Every structure is written in C-alpha cells, then in structure tokens.
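Here's the structure, in structure tokens; my notes come after.
Residue numbering begins at 1 within each chain, and the chains themselves are lettered A, B and C in the order written.
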Amino acid sequence: MNIAVLMRPVPDPVEELEISPDGADLDRDYLGYVVNEFDEHALEEGLLIKEQVGGTITVLAPGSADEIDDILYTALAKGADRAVKLGTDVGPLSAHALARLFTDALSDIDFDLVLTGVQAADELDGQVSVLVASMLRLPHISVVTATEPIAAGVRVTKEFWAGITADYEVTLPAVLGVQAARQAPRYVAISRIRQAQQGEGLVEADAVPPERGSVRITAVRLPEAEDGAEMLGGDAEAAAERIIEILRAAGVVQGG
Amino acid sequence: MTDINPKVDPSQVLEIEQITLEGMDISGHWNRMFEQRVIFDYDLTTMDRIIDLPGGESFGWCYQCSQCIAVCPVDHVGSYGPRKLYRDVQVGANLFDHPDLWLCTTCANCLRVCPKEVNMLEIMPAVRAEAVLAGDVPAELQDVFEKTARYGNPLGQNPKRRMAWTRGLDVEVPVIADLGRKVDVLWWVSDYPSYHPRGIEASKSLARILHHLEVDFAVLGAEERHDGDSMLRAGEQGLFEMLAEQNIAALNTYEFDVLLTTDPHAYNAFLHEYPQRGGSYPVVHYTQFLADKIEAMGLSEDLGSKITFHDPCYLGRHNGEYEAPRDLIRALPGTEFVEMWRIRENGYCCGGGGGGMWLDGHAAGHQRMRLSEKRVLEAVESGADTLCVACPYEVSRFEDAVKSTNNDGRLAVLDIAELLASAMGLPTG
Amino acid sequence: MANEIFVVTEHLAGEVTESSLELLAMGRSLAATTGAPVVAALIGAPPAAAATLGGADLVLVVGDPHLSEFNPEAHAAVVVALVNEREPAIVLVPYTSIGMDLASAISVGCELPLVSYCRRVTAAGGLAATCQLHAGKVEADVAVQGDRAVFAVLSGSASADDGRVGGAHAVEEIASPVDLSGGKITFIEFHEPVGGDVDITAADVLVVVGRGIDSGENIELADELAAALGGAVAASRPIIDQGWLPKSRQVGKSGLTVKPKAYLAFGVSGAPEHVEGMRDSSTIVAVNSDPQAPIFGVAHYGWVGDLFDILPELTDRLEG
C-alpha cells in the first residue's frame, strides 16, 4: 500500500505563548515549533501498515518553520521512504491554505491512502484531513484509532465518545484523520536521525503559498482565569492543608 | 579504567607479546581464558552477540566467582549483578530486550572487585545502544531522550530559561559571551542545578561562595547543554555525540583557565569522553576547587549538625576523589562528621547514574526499594542528622527517599555548597 | 432560506446529543439578532427523535437506508446538498467526532468560510466568533469576510436546556437530496466500551492524572490518595493512549463525562476536550507546574507546584 503522510508543525506547548505587539497573533519571533502530535500518530499507523503489507511511505510537510527539516529526517529515520518539504518560508498557513498546498503536491504522488492527524491545536479554519479529502473528492473518516489493511482496502476504527467506537470498511484511495495509532509513536535513535541527515531521502519541492483565506483573526489574548479559580500559595505542605479543608467543606472528607 | 581495579598492578604482569599455539592466539593478559569454556546444550547466540559488540568482549570472561554480587547496589535491594546476568544470558535470556538491561546504574563497584575485569561500564552502554537502535527503550527513558534532544536538558525545560535562576540574585553570575574576555574559571552549572528547585539553591550558594572568594568566573548561559555522559551510559550514543559536538563548539569559542563542574557526571565526561572529540579542557570538580581554599572561605558559623557524606560514584569510585569533600566537611565548625559503613571505594549508589535518574518507574517493578531509600536508611543508622551530597542528581533522590522511608524531620539532605555557605554566614535560598 | 441559521444535529443510536441542543440554543440567540429562522437537520434518526429539538423552527428529518448508522461519506453528502440547496447564512456544526467529519466537508463542498473551536458566535455587524486555540491556552476573536459561514462549536458553549424550547418546531420528513448508493465507506459494527472495574461516573471523588504523572508506575501515588479518600482514579486522554489505565477511566470528549463532588486534577493541562468531560464537577482542585495551564481557568482552586510533592502530603494527612 502506498501511503502519503501529511505532517505539520505547531507551536511548542513548552513555550509560554506571548501575544504580538499588534495583538492580532502570537509573537512568532521566538516561537519554537514541534511536530503536531497527531501527525506522529498518523506516521506510526502508516509504519505499522507498511510492516504488515509492504509499500512505500512518502511524508509531506510545509516549509513553514525551521524545525521542519528535523521533523522530516525523524520520519525518514523511523522508516518513511521519502520526505518532501513543500516550499521554503511559506509562513504560518491557514488550514485551507495548507490543505491546498498538500493537494497540489499529492497530484504528483501515487498513493492509496493519505494519513494525517485528525486536528492541530492552531487549525482555526477547519481540519486539514477532511479539507484535503473534500478537495480531492476522496472518502474520509476522522478520529481514527486503529486501521487494518484488508483485501478491499482498509478497515478503520472511529472513536465517538463515552468509549464508544465503530468499525468501517473503506475502499481506496481514501483519507484518514488519525487520533491515535495502535501503539505509541516509536522511538528512533538520534544516530539514525543523523544518518538520515546524511542521506538523500529529503527532497524540496516548489510550492506556491496560497492566498489568504476568508477568515481573519482580529485579536488574540491569553484567557484570564475565570472568577472561580482561587490560587493557593505556599509550599506543598501548606497547600495540602488547605486542600483538605476544602474537601471537608465539600463534604468529601469527614470533619474534625 | 584499570585504575578502578586495584588488584592488578600492571608493572607486575609478565606478558609475552605474541604467541600462537596450534593455531590459537594465546597472547595477552595473564588471566585471560584461552578459550571460552565449552558449555553444551545452551544456545549461546545472545552471548556471542554481546561479546562481539565493541565494548562487550569482557562479558565473556566472567567465571562466576560472585565478588560482584556482594557489592552490587541493585542486588542489595533485588537480584542483580554481572554474574547473574551472565548466567541468565547463558541459559537463554535475551539481554537486548530485557528489563534487566535497564537496572544497572554504572556505579563501577563490580569492576572494582572483579578479578577478570568484566567491565559493565562498557558492556551495558554497548548492549543498550543496540536496544536503543531497535527502539526497545522503557517509555520513561524514551521521553527523556526526546526531551534532551529537543531542549538540551533531560527535564524538558525551555533552554532559554537556563539562566532564570540568577534573576534577582544578590550576586552576579556573568555569562562569558557578555563579558567578552577570558575568565579564570568557566563554571559548568549543569541541568538540575539550573532548573530544579533544590539544585538552584545549591547553585545560589556556590555563586555566593565564588563571589566571596573573589573568583574570576563566568557561565556559558543558555548555550550550555546537558553534558551527555548519562545518555551515553544509557545507550543513546548518537544523542551523546550530538550534545558533545554542540558543547565543544560552544566551549572552543571562549578562553578560560579551568572548567569548574558542579556535576560529577559532567566532570567524568570532560575528563574521559570529550578530549577525543576535540574538547580538551582542564577540569575540576567544585569540591576539589574549594578544598584548598578553606581558610579563605572563613568558615565561622557553628552549624550544630552531625553530618555524614555520600560519595558520588562518578567523583569517587570512577575518578578517585574521596578526600576533597571530606576536607571541606571536616572544616565545618560546630559539626560532627560520621561515616556510613559503605563509603569511599565501597560507597553505595544513589541510583541516579547510567540513566537510573529516569528509570525509577521501571526499577520499581524489579527492586524491593529504591537505592536512594536504602542509602537513606544507612544514613539514619549512622546517627547523622544531615546527609551531605556533592552531585545534583542526589538531592532530589535522597529527599524523596527521606519522605518515603518516613524519616521526614530526622534527616536533612544538603549539598556541600549549601553547608559551606551557611558556615560562611552567607544568605541561603 | 437566505438568512437561515442551519444547525447540524447529531445523534447516536437515535438519541440526540446534548451538543445538538447547545447548538440550537446558540441558534436561538443568533435568531434574536438576525430575525432568521432556525432550521435543524436530523439525519438518519427516527422521526420521534425530533421531539427534543424544541429550539428549532423547522426540523428536517432526513431518512434513507444508507443513513441508519453514522457514515461520514453519506452524512456529509446529505448535509452539503442541503446547505447548497437552502443557502443558509450561518451553519452551526458541533465540534465532536461526528461534527469533525462534516464541518470541513461543508466548507469545501459549499465554498463557505469555516471557523473551528468556537465558544461564541455573533452576527451583529458581520459574522464573528470567539475561539479557543492551542489547547485552550489562547483565545482568539475571529472576523469572517462575507455574509455566510460555517462554525464548528465546542461543547459546553451554550445551555442545552435553552435549546429544547423557543422554536416553532415544525417537523418535515424528507428523503435524501442525493443518491447515496455506490459509497466507498461501509459501516460494519459498533463497539460498546469494555466494562471497566470502576464506574468513574458514579464516584463522589475523582483523583485525576494527566501527562504530568510521567509514568505508569507513578499512578500508584494517585491510587493511594484515591484510596484514602474513598474515591476512584481517572485520567486524561494521554494516559489512556499510553495504555497506563483502561479506557473506562478516561474523562473527556472521547471518554466519559463526570460530575463528582470533588475533582482533583494532578498534572492535567485542561485542554477543551478534557474540560468538556468534567466542567460541571462541584469542586475542582487543580495542581499543575505550569501557571499558564488552561485547567486553572475551569478549576475552583489551584496550586502551582510539583504534583509529586503534594500527592504524598495529601495522602499522609488523610491517613495519619
């Protein structure tokens, strides 16, 4: 099965997010990016399918952050066959723009299945997985937690809520929005990543950054803690005392 | 490495340079076996695989004398040691994908007593490196590898905040890039002393001491990354190489007379691993640096404590320094110095080395108690009210252990720098 | 038609979800501004399920054999066709597992701008929304160019009760506007959650662990506190994904919704998907080392610090 995995960077949650001076965006000057966690799960699911039925994996990512090279080399080190960086300095892209970038690139790739993370934390104007599928007029399923290659295509588990899931069979080609792979994304040794950096697996492709979408952020702010959140000070011992009092008041711990 | 094993005096060894007998090469060291003892009915595939690894050869020399088991810190709270691992592999255990692979803290006590010089300091990293390449790594350690690769420190903290501990400090901690000149002492602060609350307190104390002594010093600041020694012992060779490259590139940009380390693991890396990679610097541990400045420090405040000292494996057994910390402790006024019974060359291990710092969850499934808990019990037994340490891994490990062994209030855990600063009447915290 | 507010409702096994009712409530308040009718689409459910959708002026019950179980392809095709036919000004879709399969498909299939992660939608002076991005760490005001858009709305953004009433509630049963045969996705079967050892929805006290717990073995600390409190241990999604606790312990959008007397969160960041499952708890206490963690926005009490320090303190005090 030939699989295309779409990966993208998101602002690193370890950073304290700051607002830019004009208040309309995050301050991106010092922002670090990491790979969207759900895309790592999508890659893992692709690697598992490849281990089961063979085929090739091509990873695509937008050239929108310095960290993209790392992300692609890591994917190659894990077992992807080819990695394509789409454009350079294409800047932060809206979900629609990113989906168009991907669909343009996918027209040059022979694929049976497209895997990507079900969502990303900064995707304001839609889910890239569903957008790509709709643009390509391919069947899609979101919130996938397991796949199984079958003769007719792929059997897919979709998660609803309250622990309820459902299985579907999908004929290929298709697009899946992955929530979680069958197992945690595998570890790849740094030496393998460094080896990938010396290899020829990463190619750059020209990509035209698409025009602005019709949805525009006018203001961004860090949410204020709602009135209820009373912050307890002090060290662990003092806070523990306070919490026990709170639990007593809540009727959960016996008084006295 | 043969410095660790005092049984063999190289000058007394009669060694024939080269001799071949009936096609067998029997040249070499006096206690080598000429041929592996033939063992029938065992599948020795894993044994051969280990022995064939660079660094793994000595695993095959074990002749089951059990000297190592008597001193292995993990065996004291579980069932472990080179002799046992050898036997397990002999009867079929695949050490490359086995929980036992991750219990060794590379404390080197086994090597010290081994008549055959079975060297776990080389064997464990070699086997672990293979496991890491195959992706067989305990999840908690995998997480730390990934954080260290991404952020340059195992705590996963923002690298830009490495100097945050100095904000608002009563003494200045200059960054060498800002000074733009040579300094006498480049202080390699390390990760836990930069990010961990208890490590930061020791760093503040040391900064104040250096000021009091009017030492011309600076730090690397945000350019400093994890030294990588523990990553190397834990099997992530590529990660170590990457960190060493980055650190050496940074250090070689500046001029300084000596590299002052807080962390014995960094001390070890700079002494033994960095020189062959282009990073050769005179390096000293802070206890060594301070030990000949006792008078200048002016230790005048009575501390009123009974103190015992835990020898860090990587300062003591690995690198032979037992006296400098003791000189400092004995100079603390109003204190009594008591020794635990497993000290110096036979010192017990806190459990943090060799990646152990990040494998407590894994170890919990295979040990009766943590090594740090065992050590804390020993400290309490010695009658001390203060356990003094000189390695940044130890403070948090021992403080946790004090709580989990219900000795809260009975034993304080303090870095030597904190004790010295108190004795000098310098501010604390 | 033209300025209609079109609400895509969802159901599972014929039962309309709370999210659908919340959207109707939102539709009603938008209708108060624009004076437009609120039309709800109920796809593949028995007509009786329309009874709860009192907030709608018109309920379109779409029936077809291909729609009896949720099918992303069939349901999306129906909704896209309806929206293209009716050309509503505003389309509201729940930001749920079902809604995700639909919202972006509508955006492309009907060529409409789409805003996700919405908490509030307004129409006065142009279409706009307030959204939660970066797992709840950032709030954004968003303006839409043009006078028609799709909004994917987070659960808990309006009151479900307000969605049960207020509309004219005409109900129309229609056939699918498109031919659904020859689809590429086939529904096979549902899986109910495996019966867990503990029903966390029945516990009075929950000790909840998130990523901050670092490893499966550390969950023992939470077990000890839960035992001391006579409660149960639950977790956020990452813990379940790692396999450290069974699915029956998961709180959140794709897990269970809980409303205990006391909800003690340790190392839980508080992303919207998690908060959705616990925001109605009576007393919420959160411990996190990150002062910016969104959990502090929904908690009643918070402490910024190391959960490994405070967990044993709490357990000791309760046991001692």
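In this text, contacts are C-beta pairs under 8 Å (C-beta built on N, C-alpha and C of every residue); 3 or more make two chains touch, one makes a residue touch a chain.
A quick note: this is a predicted structure, and the numbers were derived from the prediction, not measured.
Novice: Could you compare the number of C-beta pairs in contact for B-C with that for A-B and name the larger?
Specialist: Higher contact count goes to A-B.
Novice: Centre to centre, using CA atoms, which chain is the farthest one from subunit C?
Specialist: Most remote chain from subunit C, centroid-wise, comes out as B.
Novice: Provide the C-alpha centroid distance between subunit A and subunit C, rounded to the nearest whole angstrom.
Specialist: A distance of 19 Å separates the two centres.
Novice: What is the distance, in whole Å, between the centres of subunit B and subunit C, each centre taken as the mean of its C-alpha atoms?
Specialist: Each chain's C-alpha centroid was found; their separation is 49 Å.
Novice: Once you find the CA centre of subunit A and the CA centre of subunit B, what distance in Å lies between them?
Specialist: Roughly 38 Å, centre to centre.
Novice: Which positions in subunit C touch two or more other chains at once?
Specialist: Those would be 242.
Novice: Hunt down the residues of subunit B that sit against at least two other chains at once, touch-wise.
Specialist: Answer for subunit B, listing residues that touch two or more other chains: 139.
Novice: Using the touch definition from the top, which residues of subunit A touch two or more other chains?
Specialist: 16, 184 - these are the residues of subunit A that touch more than one other chain.
Novice: Mind listing the subunit C positions that touch subunit A in their complex?
Specialist: 12, 69-73, 76, 96-98, 100-101, 103-105, 107-109, 113-117, 128, 131-146, 149, 152, 183-194, 204-205, 229, 231, 241-243, 247-248, 250, 253-257, 261-262, 264, 269, 282-283, 285-287, 292, 294, 296-306, 309-310, 313-314, 317-318
Novice: What residues on subunit B touch subunit A, complex-wise?
Specialist: My answer: residues 129, 132-133, 135, 137, 139, 142, 145-146, 149-151, 156-158, 160, 236-239, 241-242.
Novice: Taking the touch rule as given, give the residues of subunit B at its contact with subunit C in the complex, in rising order.
Specialist: Answer in residue numbers: 139-140, 143, 360-362, 364-365, 400, 403-404.
Novice: Which of the residues in subunit A come into contact with subunit B in the complex?
Specialist: Against subunit B, subunit A makes touches at 14-16, 30, 34, 184, 186-194.
Novice: Note which residues of subunit C are touching subunit B in the complex, please.
Specialist: 214-218, 242, 308, 312
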